[in-house]
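Chain nomenclature is as follows: A, B and C, assigned in order of appearance, with residue numbering initiated at 1 for each chain independently.
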Amino acid sequence: MTALRRAHGLLGTPGLIGAAILTAVVGVAVYGFLLPEGAGHARVGTPYAPPGPGLPLGADDLGRDLFEQLVVGAGTSLSLGFLVAVATTVIAAVVGGAAGIGPRWMSATIMRGIDIMLILPELILFILAAAFLGQAFGIRVAILALILWPVPARVLRAAVLTAWSRGHLEVARAMGAPRWWLLVRHGSYLIGPLLIPVFVRTAMRAILYDATLSFLGLGDPTTPSWGTTLYWVQSNGVFLSEAWLWWALPPGAAITLTVLGLALIGIAVEERLNPALKEANSS
Amino acid sequence: MTLTMRDLTVSYGARPAVDRVDLDVAEGEIVALVGESGCGKTSLARALLGLLPRNAVVTGSALLAGEELAGRRDWAGVRGKRIAIVPQGAMTGLSPVHRVGRQLTEMLTLHKGTATPADLLDRVGLPASMLKCYPHELSGGQRQRVAIALSLAGEPRLLVADEPTTGLDAISQRHVLSLLASLNISLLIVSHDLTGLLPHAHRIAVMYAGRLAEVTPSARLLHRQDKTHPYTNGLLTATPAPDRDVPWGSIPGQAPALDHTLTGCRFAPRCPLTTSRCVDEEPGLMPYGESHVACHRHDEDALPTYPTVPRADCAPQNIAVRATGLRHTFRSRARTTTALADVDLTIGAGEIHGLVGESGSGKSTLARVLLGLIRPAAGRVEIAGQELTAQRGKALRLLQQKIGFIHQDPYDSLHPGMRVGDLVAEPLAVSKTPAAERGDRVHRALRSAGLPDTPDFLRRHPGQLSGGQRQRVSIARALTGDPVLLIADEATSMLDVSTRAGIATTLRTLAAERGLAVLFVTHDLGEAIQSCDRITVLRHGTVVEHGTCADVAGSATDPYTRQLLQAAKG
Amino acid sequence: MVQTETPAPTERGRRSYGRYTAGRLAQYAAVLFIALTLNFALPRALPGGPLKLFGSPEALAQLTAEERAQIANQYGFGQPLHEQFFTYLGNVFSLDLGMSLSQRRPVMEVLGEALPWTLLLVGTSIVITALLGVTLGVIGALRRRKGKGSGLLGGAIVFDSLPQFWLGMLLIVLFSVQLRMLPTFGAVGPDGVVTIGAVAQHLVLPVTTLTLTGFGYLFLYTRSSLLTVLTSEPVQHAHARGVPYRQIVRRHALRPALLPVHTIIMMEIGFLAAGSIVVETVFAYPGLGRLTFNAISARDYPLMQGAFLVLTVMVVVMNAVADATYPLLDPRARAGGAR
């Protein structure tokens, strides 16, 4: 009970709802990993079978179990979101940190580069790169990480600049502490909390963009994913028939819920970190 | 009577921040409400205009020419019209996107003032040409004047000025106060600066822990002859005079936190005259001639004595720090600023050297050059025989371990997640001192800095310490590395007046006992004269005055230094 | 739309307006150069070599000898890489984007037919999204303690999380299939006649999809920007001087709060342009996005590259237009002072 109350104090009601949603999705994903090999892309029923015993959500045009696709898709989406978020956060921290504490020319070059990257439309870049470089899971993760780093890098650079001007960091520098000490003992305390919203928001974007890519038919055809399921919905015109209820609704709702859960956590953490917002909301 | 306050009380939850205050402001009178941070003076001022946060409860009465202000809900036609405020930090409070003229016009329209914007500027001594300026084009003092002009637009019966001098340099402070005094309007000035207000205010109300300690004509305090409340007396001696013959003292202890239930006289725990009656029974504000004093022992002869900063005559010793020909400029995209232009400085072992200048004078840059944080464009710095400016990387860091640094801001200079024990031991961890030695050195440093070294204190986080204690932890941290040079960068500027001299005393003891060279950076010439051996005055990156404290106080040759002296005298 | 950005007003150094404009122009030029380079490099990084550029083996087999020669000549494989690049640049600037493999027509011609529809769709969406996001953001900040404010905040977060293509499908199910109120596919009526009524009708659902998924981020940004300004010193001091709340909001808070929102609107442009690919696919809208999808399905790489290039240029031009209008909003930038 006290743990719950502490979590509530930390995240607030919306953040707690977000955490609950995300926990549920992670549970489904874990269940998906335990399913036997080939779950979701082996033919198990008659094509276009409606929901019934053994097929809770029916089957698609090739007779594949839609429920299994949903469950396996959770793992695909979450692991992609997680990996992209890790990679992007690392790139953003390194680049943003270099722009924050590096020499002036380096900072200026990086910032101009970020400005340019920000004008390029991310999703279009992602589609183009995926179309040419292939759709394997690892390639998609790499492309997303290379496309998504500029915005978080700019946020982290500002954070590093603020942190570096803080009194206790300056005192530590003046006592002859080496850079790694400054970073580990002082910098991590100031910048660490900011990585959470960066991580969460990158995961959100990665999941949405990847679903969009799969929906456009550029997903990995060998693993079931929510976006791919909806690609077949689109190409079969499913939403003109009754089947949209069990075929189109669940995967879309799953994407929305996952992203919503992450968004709620991100907003809760951000509100804790921005005193002006916190004051405005509580007073 | 313009304003009559009776039993005015402001509470946040169950805790009164302002407790049963009776105070009047007569027509055309200037009353200064003086006290240290947390005494409730700002709460009182804001209660008069209904500007308190939602959880505050105001009881009692505050009549403004017959109109009740306490607990009022509808402020239309009152706030800004009948009673106006020059809010705290007015320099940053002007609208950045509107011209001065437009802001004045807005106020005149809103409060149906009859003056023109140019008239208002004229009243605060600014030319009409400034109507077309944006606030960012004005100096701090000019912005403060514009803020005053804005509050005059509604021709209010009473003007409340909340800390009107904070953030201004010493010379502009005096000008702003003279301006306020010349407005011919009923004024309530809220300030922590008792001596600064004495020449301008008619009466002084001294506040301590939510209660009025004394209300008295300022002429009686100006000459420091008449008997006053012990706290007023303490405040007066705690303000450093630019004269070595006037002692500089501090009040021991610290102001009580608001959440304590207080019995008896609130000042009793810190008062040198406390008797058992003071502890048990709360004194009321009693009339004594023209004054009202809340003290049981006011009619006795006993005078309070406070610990003062010891005068040490420091014989010239070995030179510990020698800086020659320092130059430095800062470049931003738009312009270059000369921070240091050919500055020389020497500090002997055991000497406290005052470095005086206002913001932008280059004093912080000089301190950071001596700390090895900024590499100067030209010149050299020698510390303990080693050339700091020639070192890089690891050698530089080793040399930096011999320099202690006390940062200006005690609320930002201690890592909020570390405990006192770890904070003080940080230089030892950085210099890889064996863990077995650390404990002993931490204890010694804490004692030297005037702090307890109990296990309980070592476990505390900075959030559990007062400002003065934090700054002493900073001193202890600077001492653990056994430095040869201690740099105190405005180390007292963010502390309460009553505790400043205590810090200076500690520094003096350290310099004398350990043979430490101390660089005492400050914007307050009086403080430097009181606590240092020699003084260097910096302006626009050049040394304009240099000499022993007595010489600088008595026979300064540079006109700027004399202006500073004049300002410090009040 | 999901973006990460500290929701505090952005700070910029002091630069003269002329230098600022020159800097931005150089930036746009750099963006175009990068887009061109990517377009040049990606096919050459294609697994299986650049020959795959000409499509599937079946498509390759269909090519006439004349077409093969033309392609080989155009891309100049065998020449050194930098010469290939110059050839490529020359082709692009003479508006020669090669032949579409699936439609067997010049790419430029195909794109030319599709561009107006995308401009119409994206342009309408930008205007509505900006108005909706900013207006609701202001309301959300001012009514933050009331039910209306929390409702708006919750709604914005949920819409921000919706995948565009799925929302589009749901709208079709609801308004076209179930209620039969609005058309499902295309941009004009079944007879192919272009009338204003038909065009507007076909625009409703795609624009709604883009707007609903796009306004959320703008809402959140506007809201937090205004909340930050409302707790700033100038606003607090205006309150202390007796300025009534409405006047504080109107005069002292809105303008400083909305200036940084401009930057976010520029980011929305890129988001909405990319969104057109998804939305046009769902609604079979005959614009660049739909073309991109078809090109992907048919592995028609020249068409894909061309559509990418035109979409990028569109985003850059719209950004430049938004940028050029900024000084009209901020007198300080107009005067060449602080920005």
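Criterion: a residue touches a chain if its C-beta (ideal position, glycine included) is under 8 Å from a C-beta of that chain, and two chains touch if they have at least 3 such contacts.
Please read these numbers as outputs of a predicted model, since none were measured by experiment.
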Problem set entry | Contact-richer chain pair (by C-beta pairs counted) among A-B and A-C | A-C
Problem set entry | Longest centre-to-centre distance from subunit B, chain (CA-based) | C
Exercise. Approximately how many whole Å separate the CA-defined centres of subunit B and subunit C?
Worked result: 54
For this session: Starting from the mean Cα coordinates of subunit A and subunit B, work out the distance between those two points in Å.
Result: 49
Problem set entry | Centre-to-centre distance between subunit C and subunit A (centres being mean Cα positions), rounded to whole Å | 21
Exercise. Of all the residues in subunit B, which ones touch at least 2 other chains?
Worked result: none
For this session: Provide the list of subunit C residues touching at least two other chains, using ranges where the numbers run on.
Result: none
Problem set entry | Parts of subunit C lying in touch with subunit B, wherever the complex brings them together | 13-15, 233-234, 236-244, 247, 251-252, 255-256, 331-332, 338
Problem set entry | subunit A to subunit B touching residues, read off their complex | 166-168, 170-178, 181, 185-186, 189, 283
Exercise. For the complex, which residues does subunit A have touching subunit C?
Worked result: 112, 115-116, 118-125, 127-129, 131-134, 151-152, 154-155, 158, 197-198, 201-202, 204-205, 208, 211-212, 215-218, 227, 230, 233-234, 239-240, 244, 248, 251-252, 255-257, 259-260, 263-264, 267, 270, 274, 276-277, 279-281
Exercise. Across the complex, what residues on subunit B touch subunit A?
Worked result: 53-54, 371-373, 396-401, 403-405, 407-409, 412-417, 426-427, 430-431, 474, 477, 481
For this session: Note which residues of subunit B are touching subunit C in the complex, please.
Result: 49, 51, 75-76, 78-81, 84-85, 87, 89-90, 92-98, 106-107, 110-111, 134, 136, 147, 150-151, 154, 332-334
